[in-house]
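Structures incoming, each one as structure tokens.
Presented sequentially are two complexes of chain A, the first with chain B as partner and the second with chain C.
Entry: the complex of A and B
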């Protein structure tokens, strides 16, 4: 399961839907793996406006990954020239963009748990797939 | 438009995962039809880049053939190369198989590749934060049946462990039934998903594609969607098997207009 995915998820329980503690989920006892993926600089640039940066920072802290900047990087932090068109030959992705690609898309949780900060329910991740199914009395 | 290739599902075990069928292929045709491409470009093409990368979510991915098709052809269907996809299935075997289907389809893309997030083992859209989904796809269990598969048994049958041949057969029947058994009017699962649409779709851009069969009483379904509020729109975006004026299968496009 990719780190970016976690930014789009919360506790599956109905009772937690309106709680601000149900997002982000807290990773516990995780095994991480880097899964090599082609870099898509345009994607990294354009997904950032949809990312909850504070939640991503908190997740990095909890996972013991390198700390992220306090504020979300801007376009000029991602490409090394004035030309922001990633297809242009003179526009090189910066190390910041490469680090984000590595964190968001290549860093995967293969085994472990995700814990809800509101109800404490634990969701298992096995072989890279997270299980959010609830016993019927908990839905 | 030329026929776009169908994603490879040769690794999928169809003993317990829904095999791509007429309904799946109707999704491929509908999503790549001139009308839907034009509609989706208007909503999502590069001109809307400031809103960020569009997110395609399929609930109940099964083999993953539809999501893989949408992912591999996102640059054609949505008109931009920075799309992200996410899938869900209640069947853990389907989650693993569909991950492979989507990854394989994306690996064959030549230009900037679609980003596939994960296939989550979850019920419909449970666990996805509200308001994020730009394009929602659902090919539901639509066959009218007396009952839905036993939810109490699911946790046991969902385990990827080895079992005796008899239990294994019961498990496979249970998992396959989840992919087709729709309960009363074949609508019990679809109704659940329809109720999630106003919450899960992006409030401005979101659009859902949901398949119905003739026994699902599609006109009544459309009527009930129109009653969600004056901003809601619904139309038949694709159909197959027209017989005596009735479409055997049809795909609804459901969206809000400002």
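Entry: the complex of A and C
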């Protein structure tokens, strides 16, 4: 499970949906892996405004990953030129873009648990696939 | 400029919707001048040759697009039209290598007739070499016949400017795919679904019933990044290696587009609704799905069939049972209609403005007259394409999330708990009719007696 995906997910329980503690989920006993993936500047550019930066910073803290800047980079920080057309050859990806790609797309949780900060329920991750099913008393 | 689209005579109900979706995707103004369900020839107006090429490059239910040089009801009027409409083009192709062919739809011509027809175009004055393969330009005479008549009723002459993406059907053919299941959508319709939902590079798409990943693979083919979930985690994992969703992405060299797959139930989804200062903000660009009809795959959600949800957690050997390996999460049957409504609610919450939902819905043919298509105040029904079978059909419904519709007040439906010991068929009208063989019913709702002849 990629760090990017974690930024979109919260506790699956209906009772937790309104709680601010149910997002982001807290990783426990996790095994991280870097899965090499082609960099896709267009994708990072489109997805960056949808990322909750505070939650991403907290996640990096908990996982012991390098600290992120306090403010969310803007789309103009991703390319060295003013040209935002990712097809244009003169728009070189910046280090910010590479770092984001490395964190959001290449860093994956292969094994471990995700814990809800509100109800304490644990969701297991096995072979990179998380299980968000709930026992019937939590439905 | 006018162009002739050579469509494919299959899935007729999907063709116009696909062309319109591709026009929207590429930002091209498309005007359909002539279209008939019973004909593979469609005349359109577009602003340029490059627009025509861009429009057709992703089409699945088409072969190609031709710059229209002339149209006629017979050869006399065709030649007249070509001379008056396209004389200014002739000089441009005077010396290039070219290919000239005649294609007859629902008709036949001998090769000597072909030669005669081709020679009748002598006046265009092409002097370049003739090459059957690898020619710079390809010219085509199209003849359309009525099935029983020996003379064509329509003729078109045009220059090929762009080919479709129909070859993708062969590439993604299920017969050659490593990992499929009984309910995998065939490659052609999965690709069309991705087209109607406007899958494109940079976008993020989601399939809440991903199964073996057929729709996500089709969306990734068009450069979209994909997420997927399924209530049955075994379908995502498969047997591991090649026999898994990831294995399918590896087979097509699309792994960089596969973001994640996880196990979850749409009625208890972990996807979070983002909110900002100005209210809800979308996360997904598109949602594509073929929800389980409850026939081959049972339609289930989390919960207990017997309604004993409040019994509390079960503890085994001092450990919560649901945290132990191999715990099977209880599931209960669910109503298909409720699921469709839930998908619409989910889409309204998760899609960005202008984002699309494309979902499949099966119906018994007898329901056609009083069929209710799910609707939602935040979703606009863009197209409804029908694939008919013998006694039932299924529809591909495509919705677009309306811009600024967040001001519309609505609440996601809150559903009652399990319906006691309800049987799957009581919850799913389609399933019931399917297993009853789509019997006809009389006015009182009783099955009709089969009338015997003789």
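Structural remarks
Keep in mind that, in the parts below, the second predicted complex is superposed on the first by the 139 of 139 C-alpha atoms of A that agree within 3 Å, B and C clash if a C-alpha of one lies under 4 Å from a C-alpha of the other, contacts with A are read in each partner's own complex, and residues count from 1 in each chain.
Simple rule for what comes next: a residue touches a chain if its C-beta (ideal position, glycine included) is under 8 Å from a C-beta of that chain, and two chains touch if they have at least 3 such contacts.
Just so it is clear, the structure is predicted and the values come from calculations on it, not from any experiment.
Of the two partner chains placed around the shared chain by superposition, chain C is the only one that A:137 touches, whereas chain B remains out of contact.
Once the two complexes are laid over each other on the shared chain, residue contacts for A:23 go to chain B and to chain C alike. In the superposed model, A:10 lies in contact with both chain B and chain C. Contacts of A:122 after superposition: chain C is touched, whereas chain B is not reached. By the touch criterion defined above, A:106 reaches neither chain B nor chain C.
Once the two complexes are overlaid on the shared chain, A:48 sits against chain B while remaining clear of chain C.
After overlaying the two complexes on the shared chain, residue contacts for A:72 are found with neither chain B nor chain C. With both structures placed on the common chain, the touch criterion links A:2 to chain B and to chain C. Across the two superposed structures, the residue set of chain A contacted by chain B and also by chain C is 1-2, 4-5, 8-12, 17, 23, 37-38, 40, 42-43, 45-47, 50, 105, 123, 127-136, 139.
Contact residues of chain A toward chain C in the complex are 1-2, 4-5, 8-14, 17, 23, 37-38, 40, 42-43, 45-47, 50, 52, 86, 105, 122-124, 127-137, 139. Chain B meets chain A in the complex at residues 49-53, 55, 81-82, 84, 86, 90, 92, 95-96, 99, 112-113, 115, 117-123, 126-130, 132, 151-152, 154-155, 158, 160. Within the complex, the chain A residues that touch chain B are 1-2, 4-5, 8-12, 17, 23, 37-38, 40, 42-43, 45-50, 105, 123, 126-136, 139.
Within the complex formed with chain A, the chain C residues making contact are 201-204, 225, 227, 229, 231, 233, 236-237, 255-256, 259-265, 268-274, 281-283, 285, 302-304, 308-314, 321-323, 327, 329-330.
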